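Below: a set of structures, written as structure tokens.
Next come two complexes built around chain A: one with chain B, the other with chain C.
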Partner chain A sequence: MLELAAHILDITENSIRAGAKLIKIKIDENKEKDILCIEIKDNGTGMTKEEIKKAIDPFYTTKKVRRVGLGLPLLANAAKRADGNLILKSARGKGTKITATFQLSHLDRQPMGNITTTLLVLIAGNSDIDFIYKHRHNDRQFVFDTRQIRKKIDDLPINHPEILRYIRNSIDQGLQKIATQA
Partner chain B sequence: MDIAAIVKQLNLETRSAKDRLKNMVTGGYTGDLLSDVMANSKAGDIWITRQIHQNIVAVATLKEHAGIILVNSCEPASDTLDRANQENVPIMVSKLSAFELTGKIYSMLAEKK
Partner chain C sequence: MAKLTIDDLKKIKEKVHKEMSLRDGDRRVKVTVHMGTCGIASGAKEVMDALLQEIEAAKVNDVVVTSSGCMGLCSREPLVTVEILNQEPIKYEYMNPNKMRQVFKRHILAGEIQTPFVLAKGAEITR
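Right after this comes the complex of A and B.
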């Protein structure tokens, strides 16, 4: 994975597989602290201590038994390479929270990639799940919430082409307003 | 040996700074980890990589590489191309994998010596 957006897609797909109905994706670009933080939090089934071990160890077990792919070890590696780390918090019945931190200016920090397309893929393919996306860039913040979109569109499905076009525009514009740089 | 010779022999497609193919290639470096390339590549190297974002142009400029070749038919991002044209860094695209391309260019360089 060459871009952080690909990691976000992969980790969020874990959340979806874990039966999450609400997934919060939070990005914080802080130039002053020189930190880029990505947090993905879901209300899925969560993991036992044993499952957490399996999730972060790439060699723990074979693919058949593995409920999550290589996404977490790869993200952990990407974070470490950029002088950061990955924290996984999860409990059965309580959901999972993954926080990946990077040194924002580190040469080996992967570029963000296309967030808008990533979110659209997630929303279009999982119309029964709600997503909240919060992106902070220094003192500016953009928030996108599919629950708010649902309120506006009544009975129309959220993955209707017209609605998806509207969502694409609002995310693009929102990200432009806060002038994301990562 | 200049870049033009490599472009011709290995059927590379040039994507930026087409007027800089006379840059002399004195060595090469293959890698995707930018900090490693910063630390270990040399001026005059042809850099072989899978990375496509604009940071590659920054690294190639700082290290005074002869040029960059992207492997596996990977295309540079559009802002990468803009930067490369501004900074006069030739970027080429090869159908080969990094392994094959590196081997071929290594042989070409070895023959010239």
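Right after this comes the complex of A and C.
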């Protein structure tokens, strides 16, 4: 995992497997405080206290096809290396919130990578789930919400090639406008 | 490119509706990109993006793309399953954007299975 965008995709896949129907992804680049914060919040099944304790153990997984679960440990490690941390909040039946913070200017902070493809892959692969993406860069903000798209396209599936092309271009334009740097 | 607004969606919707009435028999092919931690770390995101871009460029709308989790063969990721209607699914291993473009053009559009990249034929048993 070399980019934060890949981590975001990976952690969001956890939310999808937990049966979430609405997933909020929030990124905050704050130059003044020198902090980069990534937050992923879902309304999936959530975890018990026991599960939360074990979640960042790479040898704990809920899957049966293999014996390791590396998604959260990798992100926790990436945050730690950049003088940050990972906070996991979850309650059974309520959902899960993952917050990863990094020192923005840290030499070992991974680059953001291509966030547009992350969102596009999520939307195309999971057309029944809604995503809200908020990206703040100092005092500018970009918000993208699949529910607004759905309202406009009625019966057309959100993963139709023409709609995906629109989504790709509008996220690219939105990120350009707030001049993301991470 | 001109700035996109949410109202552009209305135009796209109308255009697509017009085209849709001209064709029938959608969902000819289903492509699954395996999107577990292992797949993502080895480039599944770029593979799926290449496929989506190819679909946009070729203007086909009978190909459905989905993602799934890890199936336990992490060392052979990125894995892609191509399932053409009424045919056995084909699993491709060690994919990358270029191989994906080749599979799209030769297998999905022309029906020729790209044997050098094939891992297996058939569906996996998910536990």
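We take it that the second predicted complex is superposed on the first by the 173 of 182 C-alpha atoms of A that agree within 3 Å, B and C clash if a C-alpha of one lies under 4 Å from a C-alpha of the other, contacts with A are read in each partner's own complex, and residues count from 1 in each chain.
The definition used in the following text is that contacts are C-beta pairs under 8 Å (C-beta built on N, C-alpha and C of every residue); 3 or more make two chains touch, one makes a residue touch a chain.
The structure displayed is predicted, hence computed values, not measured ones.
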item	value
Three-chain arrangement built on chain A, chain B and chain C clash or fit	fit
Larger contact residue set on chain A - chain B or chain C	C
Partner chain in contact with A:Leu107 - chain B first, chain C second, else both or neither	first
Touched partner set for A:Met47, first chain B, second chain C, both or neither	neither
Partner chain(s) touched by A:Leu164 [first = chain B, second = chain C, both, neither]	second
Spatial angle chain C-chain A-chain B, Cα centroids [nearest 10 degrees]	80
First (chain B), second (chain C), both or neither touched by A:Ala124	second
Touched partner set for A:Ala78, first chain B, second chain C, both or neither	neither
Touching partner for A:Ile27 - first (chain B), second (chain C), both, neither	neither
First, second, both or neither for A:Ala55, with chain B first and chain C second	neither
First, second, both or neither for A:Leu4, with chain B first and chain C second	neither
Minimum distance between Cα atoms of chain B and chain C in the superposition (Å)	12
Interface residues, chain C side, partner chain A - complex	1, 3-4, 6-10, 12-13, 15-17, 33, 35-38, 40-41, 45-46, 48-49, 52, 55-56, 59-61, 64-67, 69-72, 74, 126-127
For the chain A and chain B complex, residues of the former touching the latter	2-3, 81, 106-108, 111
Residue ranges of chain A in contact with chain C within the complex	1, 5-6, 9-10, 13, 17, 63-66, 69-71, 74, 114, 117-118, 120-121, 124-126, 148-149, 152-154, 156, 159-166, 169-170, 173
Parts of chain B lying in touch with chain A, wherever the complex brings them together	33-35, 38, 50-53, 55, 59
